[in-house]
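Here chain A shows up in two complexes: once beside chain B, once beside chain C.
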Partner chain A sequence: MSLADGTRPRHVPDHLTSRGQRVIRSWETLLVGVAVLIFLANTWASPYFLDPWNLSDATFNFTEKAMIGFAMALLIISGEIDLSVAGIIALASTAMGYALQFGVGTPGLVLIGISVGVACGAFNGVLVTRLGLPSIVVTIGTMSLFRGIAYIVLGDQAYNGYPSSFAFLGQGYVFWVITFELVVFLVLAVIYGIVLHATNFGRQIYVIGNNPTAALFSGVRVQRIKMILFLLTGLMSGIAAVCLTARLGSTRPSIAYAWELEIVTMVVLGGVSILGGAGSILGVVLAALVMGMVTFGLGLLNVPGIVMSIFIGGLLIGVIALPRLITLIRKGQI
Partner chain B sequence: MQLQSNAVTSDAQAVPVLELRGISKGFPGVKALDDVSLSLYPGQVTALIGENGAGKSTLVKVLTGIYRPDGGTIMVDGAETRFQTATDASDAGVTAIHQETVLFDELSVAENIFLGHAPRSRFGLMDWPRMRRDSRRILDRIGARIDPDVMLRDLGIASKHLVAIARALSVDARVVVMDEPTASLSQTEIEELYELVERLKAEGKAILFISHKFDEVFRIADRYTVFRDGQMVGAGLLADTSEDKLVELMVGRAMDQIFPDRTPELGDEVLRVDGYCHPTEFDDIGFGLRRGEILGFYGLVGAGRSEFMQALFGVTTPSAGTITLDGERIAVGSPADAIRKGIVYVPEDRGKQGAITALPIFQNVTLPSLGRISSRGFLQMAEEFRLARKYTERLDLRAAALDQNVGNLSGGNQQKVVIAKWLATMPKVIILDEPTKGIDVGSKAAVHEFMAELAAEGLSVIMVSSEIPEILGMSDRVIVMREGRIAARLDRAELSPERLVRAAAGIEEAA
Partner chain C sequence: MITEFLKSREAILLAALVALILLVETRFAGFAAPSNMVDVFNDTSILIILALGQMAVILTKCIDLSLASNLALTGMVVATINAAAPGVPVAALILLAIALGMVLGAFNGILVWKLDIPPIVVTLGTLTIYRGIIFLISEGAWINAHEMSAAFKAFPRAEFLTLPVLSWIALAIIALFVVLIGRTGLGRAFYAVGGNPHAAVYTGISVGFTRFAAFVIAGGLAGLCGYLWVSRYAVAYVDVAGGFELDVVAACVIGGISIAGGIGTVGGAVLGALFLGVIKNALPVAGISPFWQLAISGAAIIIAVAFNARSERTKGRVILKSAEHAT
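Coming up: the complex of A and B.
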């Protein structure tokens, strides 16, 4: 080596670009721009948008989905996916409603909802990590399985009559316009942000998503980490099921129908690579805000639901295509 | 040699099939090719020699129309041409066999050979009978005994390589570019490839042969061109030069000695492996390894060396056998176990198993040492950069920044990152599987020197290598494996190329 002949090793700097450049070029900056634009457009389009209570209501459009979105982001970064999350909500909510018939109180209901979520996550995780099945196939299967059980139990019935202490979890306010759900969302965002970006565990998630073989060869316990991520996704689906059931005050088997696609959309819009290996929690938070504001703003303008989904779909494609378009134009290929 | 050089001089006046004049190609921040020239003559093999990063791959991409040069001219049969696209180059009769040709596991051999230019029947459908017939003809021509109907995934790596060659020859080529064609072949297969090159020569094809191995360059090439840092630094007839001169041209300085001088001081036995067995890959492997020792593992490709090393590292589970480390029996159930105990493995397949190319250098280096750069599971960024810097500097890594992605580095520097990653774990035993495969001479010497340095510091090294000079130059002791078993154990004093080759091929020792 050059060290042997007494010369100093060449100096390699830590970073190629400055922190400022990295921030400006980031996906999150783009999302902040989009969020500001939508905020301004909403303020301009409807006089009711800038009301604190209305805005508070608007947060319900994303809080429950985003809770699952955080865990889903980790799972997708690791190269897996869970499409059964809405099915888990249906099954967890049905389990809570069933327990309600036997007079189980709020703490018991919460425990049951969360336990069912974790159990469903464990089921997915075992199928993927122990049997080595592809997660997209497994969770398409369990998506129908979990919701199917809810339909068998409930038929066209619904469970009602949740206690008022339970309702607080979905409808309660902690302070002024700040809802309990919003607090849960913010706390979870901080926790997930720290876990993904500042811990060994988070680092290993990125490594697995980028190259599972090299991860294994570097001593990363790939299957164990994936199992934990499926459990986490189940746990978050359970928590979301508690909040959503408490907010609606009833359980129907169609609860949270098709949420899995909205959650995956949120995660991808947040800049998480669907191929795994890249993404951030801040991106998911921003994507949640953007989607929440769009839904709420269009709702104020009495735009029907189907048009909203067209808008969200267009937004997703637009935001993802934009950076690619800029690159192509810069290269002079368009 | 005399005969060959006569033949070359006699038709040296011939018009080159393909000629590059003053070609330049730049990328942001780098001048990959700077005013280089190259002539390829019919019926001759020109060897292109240079370290990694010298511009060889860029040149191949210019030749095959993948890159458009910034300046210079390309002449085909003495007429100026432009290669705007890959199709232009292939129309001009240029075909290339790359280091890693893209083939498709789920298609048959015939489909792989004719992908993109399959013969069509009258109705525009695939003409299967003709495709099979033509595939068999091409495979016969290169002496490959492969059934065109077999799925590619059922073939071994060497056979896949032959399919890649057949694919390159399925177009009517006049210029064949071979980019390190022998890198993954065993000795017998390399011999077969040489025969193929001779046959192509006889057919009047112009061949550009890119290689790191001087013995094969001298064996099959007629001419040479040496690149250094994007410039052409020498060209001529091989008959007029020597290995030393070529190495000097390549590295720009005299290299009097390729392998480091070592006076090993062996300590106590660190590792002892007894009766390691696997149902299909290897059988009854046992040996001891002492502190400061470099133990070479030689054998043909497929002898079970890598498979055994991966079992030792806990990737696969052996069916029987024990490992004793520092006098203590240990169980290795996973790579994580092995790393914790102090056994680490630098894999042969750097891109898939070694480096995580889409992540930055520092994250690659600290990956197995995350416990040491964190407190209670939280990463300490300053610690992380400190650790990464310490080991990359020790290996004299050449990179723009520590947060640069490993994929942007040259092969030699990628290997340095992988080695740095393992040294950071402060192992007792390091297993290096083909540590200098596909890296340039400069990095190779650096890796060798570093290996010697590590052994001198008391690390025990196991080196798997298929290169005889490397085995001879580095090992204190050599184990030769053949068909999953130990075929010979040789001390440094008993080492000779003949003994290694005989043991690996299973030929009885001559009396």
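Coming up: the complex of A and C.
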């Protein structure tokens, strides 16, 4: 059967793929495979890898970035992006350091760090949702603006002398080798997983990402939800700023430099479509583990950080390019 | 035609640029003097060249975040060759830099064209990969001025008709782009692909190839700038031009090039780059701490994009806007 213009009707399968097949073919399964391979390679390459304390240290490589990654995943699924997250960390950390000079205690510092994060998120959100500006450009601008303010305040100076109760938030252990940061990371992963995959709000994020106009016609409050997502990203950046500042014990304006690219890499590696509309929190968690293990394993082998970035960049392009390349070869187009 | 120009974005930007220069002049007499303006232009030349390359990419609805890493990598390669074999003529090194830059750009382009990977993902990856390769080549060591040959360092500074060669190269690239963008099929294709990719396909334009071409052109220019950068500053190391990719995007955005593709002019890109260049050169002479620079360029980007969006907004597409605000 062919239509008048010579095209054939679309082939429609008479059954959907089974649940098992979907799980096997999913991005998350691929990531688990990659993670296991890297874990085995690390164990084989260095005798120091399988040490609980070393593994505990390794979690610092990704916990702070992944916290922001969760909120960033939601934002990217909705079709927006926030490149100012590292700038927010710098500004929030500077604000905490500034407050420290006036003798503000730990609860006050945490409150200030988180409030600055939320305020920055609100600023981005207003520019994008109220003025209708493209988020990629707005946040390139605010990235410079937020970090720029940190530079104006600090110049080439640094804030030190955070109280020890504050240091616990970045260096403390809750139980054996389980760090406070790891607990925060796990709790946030569960919360974000539930919000994205089991609530009406999460469903609406996917709808917006797939087709904002259709979402609007279906009664989804597109701009309000995007505003909330920018606020969440700001909030997470504030929390990450508290953890990072507490871990380092000092604030410099160059703190968390270029993290925005690593966080976006983590989210995209986790299977979140940069075009919006698809992705899962489990994927982001797995991507965080993969990136954390790659950097930690290479670190044990004395590979310099800059060479690790080749692996991370290659991983990002490789995991996305390979499936597409295989499809092209199967179709015989290459 | 003159009234049309006066209403254009470029005219407003030009007015803002002149106002900025005059403002600095009030704080520091002599800033607006022609000789100083020539220096500012020369100092901004590399940014102008890169902004033009980025413009070609952005016009096709893509973005290239790897330009600064491309620049640093080609710069390190030519500096390494020069240090190892001072006899290789500078002209050959410049051609090599352009060719290598084009190859790095083509790698981005082929991933975007053949595998259809979003450009921001591709160039985010190559941004770190290219930067990492510099470390592998140099093993973290610097190539300093005394290791470079005199001819290698002298070329961009050599004066020709009162202007340094670096400025002449920037002027030549601007002229080349005026022709490429305004007078060739490829230039029209950039706008068509960015303005409406689906319509471009129906008019017989290969969207993928056009984007590939834009990446190759931008890469070649980044390669050229790689040589210019290391020879002008007479040093090559891993972090050369770190973070410069965002300055380049900022210059384009300030110049009114729409990140959504299809809108932008050569004049806009040049003015956008000059705007940032004037700010960078004005801060020290106006007695403002250089630490203000980042925040000021950030604020300039936000103001520019907010301003551009007003004139760009397509009326009639979003019909439920008012209904949404009512909720």
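Some points to look at:
Quick note on the criterion: the second predicted complex is superposed on the first by the 318 of 334 C-alpha atoms of A that agree within 3 Å, B and C clash if a C-alpha of one lies under 4 Å from a C-alpha of the other, contacts with A are read in each partner's own complex, and residues count from 1 in each chain.
Everything below uses one rule, namely that a contact is a pair of C-beta atoms (placed from the backbone, for glycine too) under 8 Å apart; a residue touches a chain by one contact, two chains touch by 3 or more.
Model, not experiment: these values are computed from the prediction.
Between chain B and chain C, the partner in contact with more residues of chain A is C. Judged by the touch definition given at the top, the superposed model places A:Met143 against chain C, while chain B stays out of reach.
In the overlay built on the shared chain, the residue A:Val307 is in contact with chain C alone; chain B does not reach it.
Looking at the shared chain after the overlay, A:Thr199 reaches chain B, while chain C stays out of its contact range.
Of the two partner chains placed by the overlay, only chain C lies in contact with A:Leu131; chain B stays clear of it. The interface of chain A with chain B overlaps its interface with chain C at residues 213, 216-217, 221.
Within the complex formed with chain A, the chain B residues making contact are 313, 315, 334-336, 338-340, 345, 347, 352-359, 362-363, 367-368, 370-371, 374, 377-379, 385, 389, 392-404, 421, 446, 449-450, 453. Residue ranges of chain C in contact with chain A, taken from their complex: 63, 65, 111, 114-118, 120-122, 124-129, 131-133, 135-136, 140, 238, 243, 246, 249-250, 253, 259-260, 289, 291-302, 305-306, 309, 313, 318, 320, 324, 327. By the touch rule above, chain A contacts chain C in their complex via residues 127, 131-134, 136-138, 140-149, 151-152, 154-156, 213, 216-217, 221-224, 253, 258, 261, 264-265, 268, 274-275, 304, 306-310, 312-314, 316-317, 320-321, 324-325, 328, 334. Against chain B, in their complex, chain A makes its touches with residues 1-4, 9-10, 12-16, 194, 198-201, 203-204, 206-207, 210-211, 213-221, 277-278.
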